Amino acid sequence: MTATTVERVGARPATRIQRVRSRLNPTLAVGLGLLAVVIVIAFVVPLLSPYETDEIRAGDALSAPSSEHWLGADNLGRDILVRVADGYRISLSVAVGSVALALLVGLPLGLIAGYAGGWIDNLVMRPLDVLMAFPAILLAITVMAIFGTGVAVLLPAIGIVYVPIIARVMRASTLATRRELFVEAARARGASRWRIVVRHVLPNSVGPVTVQASILMGIAILLEAALSFIGLGVRPPTPSLGLMLSDGRDFMANSAWVVAAPGIAIMVLVLAFNLIGDGLHDWLDPRGRARPR
Amino acid sequence: MARVLGGRLALSVPMLLGMSVLVFLIIRLVPGDPVLAVLGLNATPDLVAKLREDLGLNDPIYVQYVNWLGGVLHGDFGLDYRSDEPIGQMLLDRLPVTLELTALSLVFAVLLAIPLGVVAAVRRGRVADKATQGISLVGISVPDFWLGIMLILVFSLGLGVLPSSGFVPFREDPVENIRHMILPASALAAGLAAVLIRVTRSAMLDVLHEDYIRFTRSKGVQERTVIFKHALRNASIPIVTVVGLQAGYLLGGAIVIEQVFALPGVGRLVLDSVLQRNYPVVQASVLMVGLMFVLTNLAADLLYAVLNPKLRTAAQ
Amino acid sequence: MTASYGGPPVVQSVSLRLEHGDVLGLVGESGSGKTTLGRCVLGLLPENARVEGEIVFEGRDLVAMPAAEKRSLLGAQLSAVFQNPMSSLDPVFTIGDQIVEVFHAHGDTSRAQARAAAIRLLSEVGIPAPETRLKAYPHELSGGMNQRVALAIALALNPSLLIADEPTSALDVTVQAQILRLLRSLIDEHAGGVLLITHDLGVVAQLCNRVAVMYAGEIVEEAPVRQLFAAPTHDYTKQLLASLPGRARRQRPARAAGRPAAEV
């Protein structure tokens, strides 16, 4: 629609290799770095720390961050750093688990809907649209309301929220690829159209799906924290960053770190996933960055 | 335009119906006997039988659905089993709170995000742009309830200038009403603002490269006018679409924020009823939130039609 | 004058003169730098562009001029129409609003006066029922009509220089002819001089009195129209003329020296 006069001469990367390398951008790098830090904290800290998660030390109750307790201690004298590490493990497992579930269900649905089109497309997507009509947290709460709390329910509860989103992305990808490929597939030597399309759709969709998955993981962390905060998430004594926040509320007047630490911890992890999602998006679609003309 | 609106309304109906089916099934999906779940320790045989009759659980399921739906359409959501209060009234009492919270959040978010997004687009690549994008990134990573807690820490417990909980109806005391809403609305607005900043920036960048912007500049129009009268106006079309999509986020966030700030809204009702296994209330309040979501989307669609002249006339 | 976008110069050492009353055709293929040249004069290049040299307009250098001053020239003494009429006009404002805007940008015309002037302009460019059309949106009009509106806007304040960048290229052939005829009459009425950028020699033949041929960022030939068509001197010009339908020569001319700024 815009008049393109191909006159601009920008500096273009000389070779293909150079172009790929220049696309590994700082956003992605920082995101991966942060994620690595979180993973280290989650898995290494408990091994190195002198404290146990549930170790109640009444004498240390509500002590400020110091060389003894790097992030301070909560109202029962439990070391906050170790609890944050535990909380991270739960958050990570919920994030990965729920997204994995959503992929498991959503990818095939999206593929079928996009490939088949017509009434099958409608049949699959309409209920998913209705599902998308609910705010995510409401849906999760509803599922938890029926089936109870705990990680086992949490994973599918959050996963359900994501299935429509993943299905949509996959469907869009399938549609785009299908249009290009039906001409080719028609000339295929004996191979079924289905197989050809699938073989091309999957690699093409890896990109958008991965970007979406990364962002969804970030949201899953927020959802898990929110649900645990209101008491509908993990079941104590399973640790959770959200639970730490709700427990700590009563004491925050004089001991701000009790709520600051878990909150910042959540933020860092979600930030990591968002950076990765953004970085991946830029990596896959550099056109978005450099505007033509 | 009426035709467009009618079309959207028509699409909403099956959506709402679908929602109602889903919500209706909630109570029927509970593993075990829902009646026992509701009554808990109070379960005497008489009460159990009465509740079963009241809930209509003895009828075939489609009859139950039709009865329930019929009641809902008349505003009869049934009675709360703890207090025998009509649920419809409970919802009505709480609706203004949630509406005010979401509306105020929306206003805060838009007032904050659009100027920042415009600045980021106009000063693309420079410090202002990078800083704004950074703020936006942090904003979408922050848990809104934690932000609420932090705000309470700073403004209520620390500085003591704003209340940390409670609600005062507008009719009683407008100033107090606003004072009680500032912190919750801000906490809820942050996440939305962060998303809107990105969308505004992206939409403005797209628009600023369009031919008509160049042509308008060639008319000698002031740059300020080009940006705010022409570019922003065009960019507002995709922005409004996103706002509609984010309405769900606001409503969902309201549930948690109402908890943090002890606001007596519909969201709080959902939560409390879930925790108490008060299924009829759960059904009614979840449906209400879903309804609000659909209506918000409809409003966004309406706004979109108003902003985009191409939709107002018959398609060529 | 030289202009570049951060790479090799897109427009190199160009030197042009345009007198009042001239319709100068600037001919070249895509990538020759002609559009860049046009935008350069208007001062509407993107941020990554660098310009060196001077552009003298009515005694003043446009390159060195402060932005505010340039803005007061644009639309009044110096105006433009562009290639794609369907995207030249802002889709969310009526065409009436957009015509009136150019009056408001340059002095205190009252709304009534501006509106009356707009109606006059619309009928001058051949749009029927101008009063009702004022309230129309660009997408309600065809490409040809939109281009007429664009011309009305560009010529509203009787500019000394109108830059027309491929004004008919995006239009159907029949509409092209209409717009060209319109341009011819309008130029006589309203404009001092016109820089007509095009790749179409036919358009040049109809409207211009002088022609400059551009290739790979340089002006390779400049001459009065009749002279160029009759006796072209540069290889590239000869190629261009040879490619006109109906005038094909027997042998293939050798490729002209120089490299275009970008391959299409």
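For reference, chains read A, B and C in written order, and residue numbers begin at 1 within each chain.
Heads up, the rule we're going with is that a residue touches a chain if its C-beta (ideal position, glycine included) is under 8 Å from a C-beta of that chain, and two chains touch if they have at least 3 such contacts.
These numbers come from a predicted model, not from an experiment.
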Chains linked by the largest number of contacting C-beta pairs: A-B
Remotest chain, subunit B as reference, centres from CA atoms: C
Between subunit B and subunit A, distance of the C-alpha-averaged centres to the nearest whole Å: 22
Distance from the mean Cα position of subunit C to that of subunit B, given in whole angstrom: 50
Residues within subunit A bordering two or more other chains: 2-3, 293
Residues within subunit C bordering two or more other chains: 82, 84, 87
Sites on subunit B at which at least two other chains make contact: 210-211
Subunit B-touching residues of subunit A, taken from the complex the two chains share: 2-3, 126-127, 129-131, 133-138, 141-142, 144-147, 218, 222, 225-226, 229-232, 242, 245, 249, 252-253, 256, 259-260, 262-263, 266-268, 270-271, 274-275, 278, 291-293
Residue ranges of subunit B in contact with subunit A within the complex: 14-15, 18-19, 22-23, 26, 29-31, 137-138, 140-146, 149-150, 153, 157, 205, 209-211, 248-249, 251-253, 255-256, 259, 270-271, 274-275, 277, 279, 282, 286, 289-290, 293-294
Subunit B contact footprint on subunit C (complex, rising order): 42, 44, 67, 71-76, 79-82, 84, 87-93, 98, 101-102, 105-106, 137, 139-140, 150, 153-154
List of subunit B residues in touch with subunit C within their complex: 210-223, 225, 230, 233-234, 237, 307-310, 313, 316
